[in-house]
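To keep things clear, I will list the structure first and then write my remarks on it.
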């Protein structure tokens, strides 16, 4: 009984939506971490993650282990995030917020062009150690595979790790304080600049996890593979509230499922409208995102 | 007519008219000197500058950010395209009017749910609009022509204008210049209108709302209505710009209006300088001619421009230029000029103070 | 302990402090008085390194701290309670306190216990978000957070702002007590000159960025002209 | 000197306009060069042609098509050119017509197929555009080129739009139309899977729509449940959800044969998704999306496709070693190409239209005009590597008429790199009801002047 339920069309759509949704969630989470600390909307977030996953994951071609390559990608992501904050973003603090948009858009262009110049735009196939073949149940497909389960586990693990880090560790407390009240944090001896760099590193790392999942999936790795996902991630972050990591995660899952249901029951061409409808409805009800802490207007 | 007076400044309208007219005529004169390719590029730049001006008004004067202006532009563009396919022979002025009005209506539709939003939330809401345009255009093929879009050929160069040209490439040159001149004239009209708007009652109210919405409310400004007006005007300009843009290109299709175009518009506006006429002009110039500069820089590297590295070098240079401009001219290129003037002025003042004492 | 010499600070074209010299010693409360815009907060912010002066020198003991970063000044033992108290509303009471302990090598648990003993109200509300605290409780939290790192210098910016007279009076007594108990150097910026002068040992009067008077608090408090023109104290 | 506030604003705008003039002038030096004879682009010693093609962005893998054409032209130039004229081939990047607004596209903010064509005509004074790529991109410049009487030759697309001799007399297609391809697939299906249900996944534009039309015209009915499309724009955004839905629908219905009209990136995605679903039907893939080097997955092995060229590893065909030699001699376009490199269909495809252009130009003789070129092109037999005739007439500008059924091999490495092409070639026209003829494999002899 249970198993036919898992293979039912509705579960089919829920699994497909969740598989896409956790990717959006991770990207949204990474955008939120940066937004909280530096109030920068990083359009290059997806491209940075793509680049790190190219550096790490193409090592598989040299016969290296998938897990090792994943760790390499993460390390490159951390480094990349930190350097970006130090070199490109730091000069922008105190400047109009819109300037950061231009810089990150420019950076996005540079990263994708460099990636195409090095690796060309041909899709790369990443062989995963876990099978991507979906489970079958009495001849019917259940839209879950060992890799998809791993994908869920990895995403949940990363989200939990981020939550624990922010909520229960001294580093997390310093990160939050630096984001909420940088001047006060400095007066209390917190090295705020270092915290901002660490925030970008963490955020880039979370993005890399999303990019590696994308690259390992059925569309492979190519230089623009994160473009659409970044936009969906941004929408998810806005739906959840840009200062709420929990909201980002839930927003991502919502958008993933909404897209899948529009696709299945309305029109494939209009799939992306699913997420947009959620966005519009959410903002009309709560103008600062569903999970925003309502802070009164400060005069 | 109260609403009309509220958006047209009463003072110094003639002065502004003279200013815009001077620049328009100068630009028209320049089109006679420019090679035809540059004329074509200028035409596109003029169309985009109208859109940038509308965005600049929204961001610079009312303090609202929008990622939806490519959507408003697409609405004006499709209105133009659909009209041109069915009624190709109507006077252009009517087409422009139609695109402007339909653009404004789309702005109204987006503004109503957006007045309570700000910052990235407003960006998200407006992005939803521009992101929806492409799938909708693809889905309703019978009206929009789907993926391939619509094709029309409405811009015909008049005979008297053709007569000005002779020689082997006469038609090519004449057509290129005619489209450029047409786009420049439309842009001139749009810029004149905006110059007045900047100094109108509405413009001043807008500034107050941007700088301090609480104070604005206290002096009796209706916040939602002011914000809505800002959107409607911005969308009307985008609609007009989109109309000129597709008439120049003789085709309208979804891939011309990806949501990344909104980000590009924002980028061009910031590069030029936010909230000023000259900023929008510079943004249009960057749009039109940056490719030339980039190709030139690319040729300096000595890499074969058709190789994989060479073709992508173009994008690398573009991105690097964007970043460098923002790092070294954070208030845009127009702002750079202003800062220079301020610097000269303050040096003079310091000099006069020290000698005066 | 804190010595400021010939300090001049500009905000753009506006001169906020002009050739200001101030000295504050351990075990003494030094009040910085003056009207709104006199440059009191700027003085504290410059000591903490939040504002870069145009000229002048700032010493912590014998060490010049002019080019030291805010974070490192805090780590030296300068606790600055900024205007508006600087309590982070989105964090809990305990998180705010823990944050205060990072500036020194003090054991966090011990520090927390000590502050909860000193301020029992905070102990009761340790899991509450600061947005839910009253003005007096927020001030207590700000004090506790500053004290948890066992600082040697305490910079207080308008602690009485928004407090009821009775609470202000208690607060001032506490400041004096702390100052004596741990040989603390206290720089107390106040618009409420009366309360400040009641506990201060020394006082400095600022007007439009310049020092118009400095010396023993008693002397300042009894100068009629100062009282009238700069301190707003009329009998 | 005191300048009023208003005047300053005017001055600023004037300066900006001057800046426009200055910027526009850079890169345009020498704009008026060439064009000394009556035919644009033709001088006594050279002929200039151009193309707007994707060199960067998602379709950049097609860059090797025009690169190979360029290599052929350079080879011909080394032999002395055509009637004493060297061929100058200008290739401009248009990012597949996906208006280059940043993401994934690097051609520059305002570059479009139209702006590229304006540049080719007004600045480079090209004789013709040769081998420009993309259906939507080339449709957007048809009228412009027609207005200016510029031949638009060998458009790289299987749309039937290129075959309108009465309204566009200078417009010529090149590859077999998607309709004809569909019809030939239909014939193959009827012969090999007469009783099976057939599924279809196509791009939701001209490509998918006309391909499906061809299948229907060939007598294949596809149940509506198995007739699926994906959003072409998703190719840019990386959205995968509709592909997963499409493939799982076919998998649930256990459809044994599936026709794919997709670009290589999506062919990859579809094959990988099907593999994940444990679903392995017989794939029949359009030539547009089947090049094994571009699809780059062993999952493609066994798939059937249409080929208008011999296998790239078939050294018995004289064109293969000839083209390898040509590519090796052009290190600027093929930097790392050597005797052990693998050649893809893209290179054969590009070389094919370059040869067609060169041969026509040669046939036209010393006196070159656009009208003369079109006349020569519609009345001659072209020798190209194609195994199906590339032939134009006054009434048919489509280009190739068919191709051979080919199968993708697995050669044991990670990616399959070879294709076996059957020896019989099918030809047909895009017109409804026209019959499909089976003819012999053509190996056109390499003209002696090219050796």
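Each chain gets a letter, A, B, C and D, in the order it is written, and its residues are counted from 1.
We adopt the following convention: a contact is a pair of C-beta atoms (placed from the backbone, for glycine too) under 8 Å apart; a residue touches a chain by one contact, two chains touch by 3 or more.
From a predicted model like this one, the values you see are computed outputs, not experimental measurements.
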Task: Path length in steps (a step moves to a chain that is touched) from chain B to chain C - done: 2
Task: Interface with more contacting C-beta pairs, comparing A-C to A-B - done: A-B
Open item on the list: So, comparing C-alpha centroids, which chain is the farthest one from chain A?
Closed with: C
Task: Intercentroid distance (Cα basis), chain C paired with chain A, Å - done: 43
Open item on the list: Between chain A and chain B, what distance separates the C-alpha centroids? Give it in angstrom.
Closed with: 32
Open item on the list: I'd like the Å distance between the centres of chain C and chain D, where a centre is the mean of that chain's Cα atoms.
Closed with: 75
Task: Centroid distance [mean C-alpha coordinates] between chain D and chain B, Å - done: 35
Task: Residue list for chain A, restricted to those that touch at least two other chains - done: 105, 108-109, 112-113, 116, 120, 231, 269, 271-272
- [ ] Send over the residues of chain B in touch with two or more other chains.
- [x] 135, 138, 263-264, 267, 308, 312, 314-316, 318
- [ ] Identify all positions of chain C at which a residue touches two or more other chains, and write them in rising order.
- [x] none
Task: Interchain contacts (touch definition) - all pairs - done: A-B, A-C, A-D, B-D
TODO: Please name which positions on chain D make contact with chain B in the complex.
DONE: 6, 8-10, 12-17, 19-21, 23-28, 31-32, 35, 38, 40, 55-56, 60, 63, 66-67, 70, 91, 93, 97-99, 101-103, 105-112, 114-115, 118-119, 121-123, 125, 135-136, 139-140, 142-144, 147-148, 204-206, 231-233, 236, 332-333, 335
Task: chain B residues touching chain A - in the complex, by the definition given at the top - done: 59, 65, 113, 116-121, 123-125, 127-128, 131-132, 135-136, 138-139, 214, 259, 263-264, 266-267, 270-271, 274, 308-309, 312-316, 318-323, 325-327, 330-331
TODO: Could you pull out which chain A residues touch chain C in their complex?
DONE: 170, 173-174, 176-177, 180-181, 183-192, 293
Task: Complex contact set, residues of chain C against chain A - done: 48, 50, 69-72, 74-75, 79-80, 82, 86, 88, 90-91, 95, 98-100, 102-104, 145, 149
Task: Touching residues on chain A, where the partner in the complex is chain D - done: 12, 16-17, 20, 105, 108-109, 112-113, 116, 120-125, 132-134, 136, 140-141, 143, 145, 214, 217-220, 222-229, 231, 259-260, 263-264, 268-269, 271-272
